[in-house]
Amino acid sequence: MIVVMNSSATEENVKNVENIITSAGLHVHLSKGEETTIIGIVGDKTRVNTETLQAADGVEKIIQVTESYKLANRKFHPANTVIKVGGKDTDAVTIGGDQFVIMGGPCAVESYEEVKSAAECVKKSGAGMLRGGAYKPRTSPYSFQGLEEEGLKILHRVSRETGLPVISEVTSEEALKTAIPYLDMVQVGTRNMQNFALLKAVGKCGLPVMLKRGMAATIDEWLNAAEYILSSGNENVVLCERGIRTYETSTRNTLDISAVPVIKTKSHLPIIVDPSHASGVRAYIAPLSKAAAACGADGLMIETHPDPAKALSDGPQSLTFDMFENLCKDLTPLLSLQGRRL
Amino acid sequence: MIVVMNSSATEENVKNVENIITSAGLHVHLSKGEETTIIGIVGDKTRVNTETLQAADGVEKIIQVTESYKLANRKFHPANTVIKVGGKDTDAVTIGGDQFVIMGGPCAVESYEEVKSAAECVKKSGAGMLRGGAYKPRTSPYSFQGLEEEGLKILHRVSRETGLPVISEVTSEEALKTAIPYLDMVQVGTRNMQNFALLKAVGKCGLPVMLKRGMAATIDEWLNAAEYILSSGNENVVLCERGIRTYETSTRNTLDISAVPVIKTKSHLPIIVDPSHASGVRAYIAPLSKAAAACGADGLMIETHPDPAKALSDGPQSLTFDMFENLCKDLTPLLSLQGRRL
Amino acid sequence: MIVVMNSSATEENVKNVENIITSAGLHVHLSKGEETTIIGIVGDKTRVNTETLQAADGVEKIIQVTESYKLANRKFHPANTVIKVGGKDTDAVTIGGDQFVIMGGPCAVESYEEVKSAAECVKKSGAGMLRGGAYKPRTSPYSFQGLEEEGLKILHRVSRETGLPVISEVTSEEALKTAIPYLDMVQVGTRNMQNFALLKAVGKCGLPVMLKRGMAATIDEWLNAAEYILSSGNENVVLCERGIRTYETSTRNTLDISAVPVIKTKSHLPIIVDPSHASGVRAYIAPLSKAAAACGADGLMIETHPDPAKALSDGPQSLTFDMFENLCKDLTPLLSLQGRRL
Amino acid sequence: MIVVMNSSATEENVKNVENIITSAGLHVHLSKGEETTIIGIVGDKTRVNTETLQAADGVEKIIQVTESYKLANRKFHPANTVIKVGGKDTDAVTIGGDQFVIMGGPCAVESYEEVKSAAECVKKSGAGMLRGGAYKPRTSPYSFQGLEEEGLKILHRVSRETGLPVISEVTSEEALKTAIPYLDMVQVGTRNMQNFALLKAVGKCGLPVMLKRGMAATIDEWLNAAEYILSSGNENVVLCERGIRTYETSTRNTLDISAVPVIKTKSHLPIIVDPSHASGVRAYIAPLSKAAAACGADGLMIETHPDPAKALSDGPQSLTFDMFENLCKDLTPLLSLQGRRL
């Protein structure tokens, strides 16, 4: 951490800042420039309060040099984390290793038949996991909110029939409690990325967690949100990039593809990409999936539906089963160039 | 709602879309242009599924013409909503009418003495309400998370001693349950604007609610979030603009001052402004407060602290008591130009 | 300037960075933390190349502590700059002092009658300057591009008839050459904020310049753009905030009202606000104008048109003459609270 | 084009809008809903003024259904445009066909030796074109601005010696005039994407043009900027995505990878990607280049430098020659999966 004094800071101001730091048991490195004095802080920064420093007279700004997340940080955990999902009542899947996991299924669970047919397509295509929404966070209170526990039951049944591990979103602590017995992995959605009560709860839920990036979250905030889960005792966290909010309107969100190499550099956690929500347009899903695979993502989350035109939610961004199968086929040689497989 | 067909849509595609609409009991207005066919939908749009239409063959896009929020919409409720806060164990305050309410107090509750001195400054300055954070949503799990119930007790005690109605943020349903007996108004923070479980819960809590705008929420999403509260039975919702996320870094967020006249046009709900969180810089709070008052906001939420340099949270954006008093003084003649008073 | 080394930087990496700095004649302050080594640079930073440092092995990042603009910087020029416009063939106007200058007139010049009637409204309302577009930068090549020199002649004639100094946008060096004899002030528009050839040219044109903020320019980039003009020899630069690009769509752009106090802190140059382009909606112009006046802006640029419904360009954001007069009337007591006048 | 009336629009308001439309020789399709009346316009929309309609009483909004760009639009030109560069004094390269063109070279031209060694690396790696900056648009007037004509001479000489066609940025009409004899292709940079005078000039310059996306330009604005060049008579336009401005700071800009499939859908023009400027970080260039190739881009622009740590401009985002060669090697099998070659 570095404290930059402003150009009109007095000797006394500098002394005061030094005192704040040393009285917290830390050391100071003073650097007097012609225009500015800079005070470096050496030692365990959690012992000093940034805001106190920032508010001290004569301080222009505080610059954070080291990240506030530790457990999610590659600096202290250089090897890739590989997460195992399922394996007891279903096939075992690993995320973050050689396997490239595609999570396929309908945006919202509507019926057993719908989920079953989607799961069969997923299985046949070689994709590893089943997804489906039972609790749907919707902008308007008047939109379809999901089948809730009924939906979870359907997902669970189809998962056990097909052997595909299953993931679904939970939107509250109560939903989480209901969902645990039915799922192999839980998802925290973009609107809840900073619902810290929920993050702490999934940190104790015993299942692997997929944490979607908030709509306008920085990568730093995202890794700090992961840190809430990790520091609550759950090491099995997968990140999911799903597009960020920008001024551009030709896609629903802007897929931040750079997040893949950035996360790979800063963290040891696996990262997958959701091109369905990122683009909102069916025609863009295949090219964006290939981009994600080519730049090192560990998997994809893709919506597929027997009849997208009849889907109750997010139809336009769902692939038909044919499209889904073709995409998996097209990805295979691309993945093998990187030593990976479906 | 308007369905725009793409230029290669066939007669059959158009017929299919017409069928989807009419089979939902709605009427169709067809408009064939040289490049595009446009299908207008007449009737109650909640009966038709937008996504189904969007996914139909030949459809280029769906354009929403009317807003999905109804209870928050000025079209169906032309008069301003005026909300009463406190009045039993405290002074009565009204938001949305002639009174311009300033909610003052520390970012985070630290001690009785701190809150008491802040409340005395608020009272003396003529500002109407006391604020203070007991549950603090913090980016990092290692930052100070608030005194929780202990903090609520301090706020309650000071509120009853000074007569100032008190507002505080709740970050979960559990926190809400704990908080209700201590507060006169509850706040839903920016990170929880789309925590729909929490919105529904505050919709049933019996207290007026202040709903902060999400960090990257559109005004439309914000009004839909308010609709969750209103449609759960709570009519007493105040909106709070607190800055949105943009690329600009000289302020912590970008205060979207236009949100004030936009909300006044689209909705009957009161809107206040939080210049402390919007700017993150003490020196900008007074000018932004005046801007808010001049363009028609119904109040302000401002952080004040006996010694900002010692505050445990958000020190740099807190006003000293002198600054707070001077600001209230400066606002008075500005407000009277608009027929308002503190 | 501070060089932050990454956690795996070797002694040799640090030595190398020190050498780069000292061989440029600068001094080094070394600060070794537990995780990171930080190297402060003391002396004239223009002598060292940031990119060279950034690219050196072991460097994590370079942090700029001081601003790159000098002439525009309040640190080296504490007093407000007050700029005189007109005064020979027209009334004299000052920007940045007690006078609050409103520049009114049509978006695009269409005819003598149109400009004359607008100018009469401007004059009668007490607003100080006439504006009008002769060169119109339009997104599509098929939109009306302005009357060019013909438009300048109309503006000039009306200016001299009414005594109002006149400002108009120039979109190229050629347009600038044509425009100089007709104008009292030239405007560089938002799309040309980083057209450095044009900035250098207006820096030598002999007239005061109004520099609009780029659509997605940071305040730092904006002040650096002003620095191009100042360092080419022209001290008379007025900044104009006109809204930035964000994800919000209920206004055309997002008026960054905080830019007013930020600029007042960082620079001595005057700043005015353009609520017409910022909002794109007539109903929001009056409240935003009051916000600008209340938070310390030095003036406004507002579009007004005899019959906005017939305007060839930007009709929806133009005020009628009645609205313009009423706004000027409403602003007067607000300005006098701040010791200013129209 | 669709006119949406607001809910309080009168019969007379609707009639008035109909008159505006029919008096321009167009036809009207009226659609009266319960809440809103919608007026569809049939015919050549360039004959009616959007702003006039928008400003008419009772109008809520105008919705554009068809794009304003025609020559750049795939609807009217379904086949991919393939552009030939060089071929007289250099090798011939094609952009938009089977060949995947990588433009490599230093950010800024510094010396003959530097450019020559970079060109040899480019040639040896199988990349098709040489790039280098002679006119550098820099945020600060005190940064290195480029060697200008001297730099162009170096580029030209190296191009002819190696047979690589050469591209360089022009920042003004004057620079363009100077540059034409030295170059095989000209580049319009991000800061000049809406410098319409320059766009018209390159539209008449006789060389193929690469048009970079503006820092905060929508895809629609970008295609309209291309339309300025096309409608000035130059059909040889290549688009270049180079990252857009967002709130995220871990990369310099946010590479909008979706722009590749979006442009491929909306336009017939080739699109290449610049991962160097998009990310600003050397380590992210290879993964982003693969992403671009995998999702259908027609080429890349990548900075390479003999000794990035000594480069005068943009060192940290330049690849070393080894990295450049390895990247080209890695891309080859990925491209062949798509039937393309370097």
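Should a chain be cited, it is by its letter among A, B, C and D, assigned in written order, with residues numbered from 1 in that chain.
Please note the rule applied: a contact is a pair of C-beta atoms (placed from the backbone, for glycine too) under 8 Å apart; a residue touches a chain by one contact, two chains touch by 3 or more.
Since the structure is predicted, the reported quantities are computational estimates derived from the model, not experimental observations.
With steps allowed only between chains in touch, the distance from chain A over to chain D comes to 1. When you average the Cα atoms of each chain and compare centres, the chain farthest from chain D turns out to be B. Distance between chain centres (mean CA atoms), chain B to chain D: 39 Å. Separation between the centroids of chain B and chain C, computed from CA atoms only, is 31 Å. In whole angstrom, the spacing between the mean C-alpha positions of chain C and chain D is 26.
In chain D, the residues that touch at least two other chains are 216, 245-247, 249. Chain B makes touch with chain D in their complex at residues 2, 4, 7, 29-36, 38, 40-43, 63, 65-66, 75, 245-247, 249.
Within the complex, the chain B residues that touch chain A are 46, 49, 51-52, 54-57, 68-69, 137-143, 171-175, 191-192, 194-198, 214-216, 221, 224, 227-228, 231, 245, 308-316, 318. Within the complex formed with chain D, the residues of chain A that make contact are 216, 218-220, 244, 246-251, 254-258, 260-262, 264-266, 278-279, 283-284, 287-288, 290-296, 333-334, 337.
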